[in-house]
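Shared chain: chain A. Partners: chain B in the first complex, chain C in the second.
Let's turn to the complex of A and B:
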């Protein structure tokens, strides 16, 4: 029964990690940007969904939508106010732009975090679950919303796959991640591709944030750990590789859940971090890395 | 007039105004220097945000009645961002630059323990409105001459454990025929003595301790913890949580853990806790020294209502004590007839003040909990409150209880 419990719990958390990390790795794959404001955008989505429901009295669906919309807007704001000006700057040498973007998104994330703490306090908030109640799965009492979370994550990741592989926009995005110059030669404006990718990223991060807010709850303190976990999942899976991130998300999710149940919740994140160090030693490009 | 003369006129007016203001200020200062109280608190957390607000309220009330021997009380507030390092810097600035006469600071034990040596070095009377660790009073007891400047304005963890056990005896053992418990505490300075207290007093009142779980305050997923607790089949979960609160409560409800939670849950004392948890808090029992609508003393309800009128929400537990602390400092300064630190400390030790949380006296130099609040009937006993239908309702002791215990439907009483 404990094994089943770990299986169910681990799946939900892994699916959530996968969703969060997919957008993160997509942006890196297409535009080479490591967005360290990731955790802040997720938390902002959850807090916005909470505020919409409990301050403005919206129902849980509308609240969740508000959360996702806020994340999408914040994501575009990140691109236009933080990332694009650095990429276009003549004053910053090209080889230093990556590190500038890294620092700028980190600071941007801290600004969002502090703003959340200022306006909504640093106490944790939880998003109203869309489905209440529990089901009994062979003796394991599981909240229905946990199953819902896992289902939505899988569905959204599936939709993303269809979008990238089966639609024209998706194919351009895919092409841009392989050869940006080629895409420009074919007559596509690279900036437009980036805007599409940041919008997709915002929606993914928003959904992940809102679901996390329902499943476990978030506070402004969650910003750092969320960015760190997305970052380590993406590095483990191979920077820029979406399928690598998916596998890594499940490895990390299950490793954490297993540790929490079998050893102690206090050591939850340690084995995953050790694994990351080991992978860095023997396979620096990550599990499915391209470089 | 040309723009230049315009600007000149404006400047001379400003200068004139500033001079007049300066003159009037210095005139007032000559009449009576204000008494300055530094307030260092966690402005971003609900528990901490009430501390400077309540202190300001107390100061305004005292000032409106003419101050202390004609001296106005001035509150100087600092945000410590929940950090010990920031708190120490704020303390130094408060004493060395802003020249405060006393300091009220923080609800976090770790922060208070970091400030104590500075209260000693800078010889500045200092009180915490909300920290709980026994280490605070122990340090005062063991090194009185050095640490006597610190006062512990909230119940020590040992007293908190006693208060929880006193309530559990009547409500759970006698009321619900419960026999066993699991202790669930976050790993922090304040819960070490709390857990020792729990382990001593729970068996005495008839609750067998089946398991004792300490978890990291960074924990976000409580499923494994609740699982382990459920496996032990206790009648009740006795809590010791403050840094966490919303998350375990919401997950307790979402997972429909069929065991009631009872004990210290500092975040549950906030009036916003119901909203923060989307009313998952219903059924949670928590120890408090105050609560909306609970007339612990005649001062409790008017303070809470005025606070709400002014700031839009009820004060956190540390708001009540911070309000009392300003009055106690004012009272001590009046009795000492001076803001001299040693005279203030001597006067504070003789405090006998009816505040919003009860009758406040401090344990003396020879007592184990030197400068801690005296616990007991007629002084402070604390309350047990429960979240019911989105509201905080007093359920213990009988004198102030407004309702019987009420639990959500997923709670099962195995003992009944």
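Let's turn to the complex of A and C:
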């Protein structure tokens, strides 16, 4: 019975992690940017959905849409105001652009976080779930919302796969991650590719944020841990490898759920961190990474 | 080196230090307390700059070194009744060991991968502190029985003296041949190695020096505060502040890092009337400086001087 419970809870958490980390790794794969404002964008989406439903009295579907739209806008704002100026700057030497992007997105994330705390306080907010109620799966009482979360995550990841592998835009994005210069020579504007990727990322982070808000609730304190967990999942799976992050998300999700149920919720994140350190020592490029 | 003592930078630094040393005679204890914390932060930022600006290692976990030093000193003093100064010394030694542990992956992995390892090191230290709450005081914090001094002026002078001595050593090191080799191995390790320099040895030395000063400063800080808590010496937010201070002041200048730290702490205090928006404004200013003056305060001044 407990095993089944871990199986179900772990699946929902892992699917959510996977969704959050996919966009993160996509951006790294295509433009080499690690976006440390990730957690802030996810929380902003959840808080926007919460505000739309509770302050502006919208129904939960429209609320969720507002959340996703806010995340997409914030993501594009991140690209245009923070990332692009650094990439184009001629004052910063190329080999140091990485640390500048990291520091700048981190500061940007703190600004979003503080703005949320200022306008909507630090209190934890739970977005009203789209589907309520519980179902009984072989004796395990499971909230329908948890199943809904898992289903949406899988669906969105599937759609992303179709988008990247089966459409023309997706193929350009894929090509840009393999050889940016080649894509430019074929006549595609690299900036447009980046805009597409940041928009996709924003939608993914937004959906993940809103679902997280329905499933566990968020507050501006969740920003740091959310960024850290996406970062570690992505590195565990191999930077830039989408399938690697999917596997890593499930490894981390199940490891955390297992620890929380079998040992103590207080130790929840420790085994995953230790695993990460071991992987870094033995296989620094991650599970499926290429160097 | 001798030309440095005649340079304008040295003259300005000397005047600033002398001015700072006279402050306790005419400013309030409140401002002294603020600056005392700022000076310890300055040492954190300078140690970080030695690793990043010179050795080229992106260390996201300065608080791993700071926290190890601070908590070791605090636990020895609180649980084992060790007197204050030996506790501080042991704190620094523990930080050096932590620096050694952190240096091991740095010799294997580079760039974002190393950055992540350091971030994880902080998270593990933080979990460790929360889990072993009996020893460390957990999330509430650890009370430290001894204090450096009860007089604000004496505390201030200790902090100022410590910062000046650390700055002299770190700056001297960065300008010495060792600093040049470090800089070379940070920018192009293969070529530096081909020129016959032992990169591993130099990088290890940089880690140890950086860890020593971070740990020492962390240990002194907890004896100033009278308490050690995750929020003041371990939290990632503290590490971010150290990094922002160093980048703001001008990376690869060492002394600029201290200026950046003092600016950050004082600015945060000046903005206190704006309430919760203070952090927002400081982050926004730091972001603007990074975007438009990527060389930081001191870096911009120095490069202008070099051009004229």
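Keep in mind that, in the parts below, the second predicted complex is superposed on the first by the 291 of 291 C-alpha atoms of A that agree within 3 Å, B and C clash if a C-alpha of one lies under 4 Å from a C-alpha of the other, contacts with A are read in each partner's own complex, and residues count from 1 in each chain.
As a convention for this text, a residue touches a chain if its C-beta (ideal position, glycine included) is under 8 Å from a C-beta of that chain, and two chains touch if they have at least 3 such contacts.
Not measured: the values here are computed from a predicted model.
In the superposed model, A:5 makes contact with chain B only, not with chain C. Applying the stated contact rule after C-alpha superposition, one finds that A:124 touches chain B and leaves chain C untouched.
In the superposed model, A:13 lies in contact with chain B only, and not with chain C. Judged by the touch definition given at the top, the superposed model places A:53 against chain B, while chain C stays out of reach.
In the superposition on chain A, A:266 makes contact with both chain B and chain C. Once the two complexes are laid over each other on the shared chain, residue contacts for A:141 go to chain B alone; chain C is not touched. Residue contacts after overlaying the shared chain place A:222 against chain B, while chain C stays out of touching range. Of the two partner chains placed around the shared chain by superposition, neither chain B nor chain C is touched by A:71. Across the two superposed structures, the residue set of chain A contacted by chain B and also by chain C is 117-118, 266. Only residues 52, 58, 105, 108-109, 111-113, 115-117, 119-121, 123-124, 127, 130-131, 187, 236-237, 240, 243-244, 247, 276-277, 279-280, 283-284, 286-287, 290-291, 294-295 of chain C touch chain A when the two sit together in their complex. Taken in their complex, chain A has these residues touching chain B: 2, 5, 9, 13, 50, 53-55, 117-118, 121-129, 133-134, 141, 143, 145-146, 216-217, 219-220, 222, 225, 257, 260-261, 265-266, 268. Residues of chain A that touch chain C in their complex: 34, 82, 85-86, 89, 91-92, 95, 98-100, 102-104, 106-108, 110-111, 114-115, 117-118, 224, 228, 231-232, 235, 239, 266-267, 269-270, 273-274, 276-277, 280-281, 284-285. On chain B, the positions that touch chain A within their shared complex are 44-46, 49, 82, 187, 215-216, 218-225, 227, 244-247, 250-251, 254-256, 267, 270, 272, 275-278, 280.
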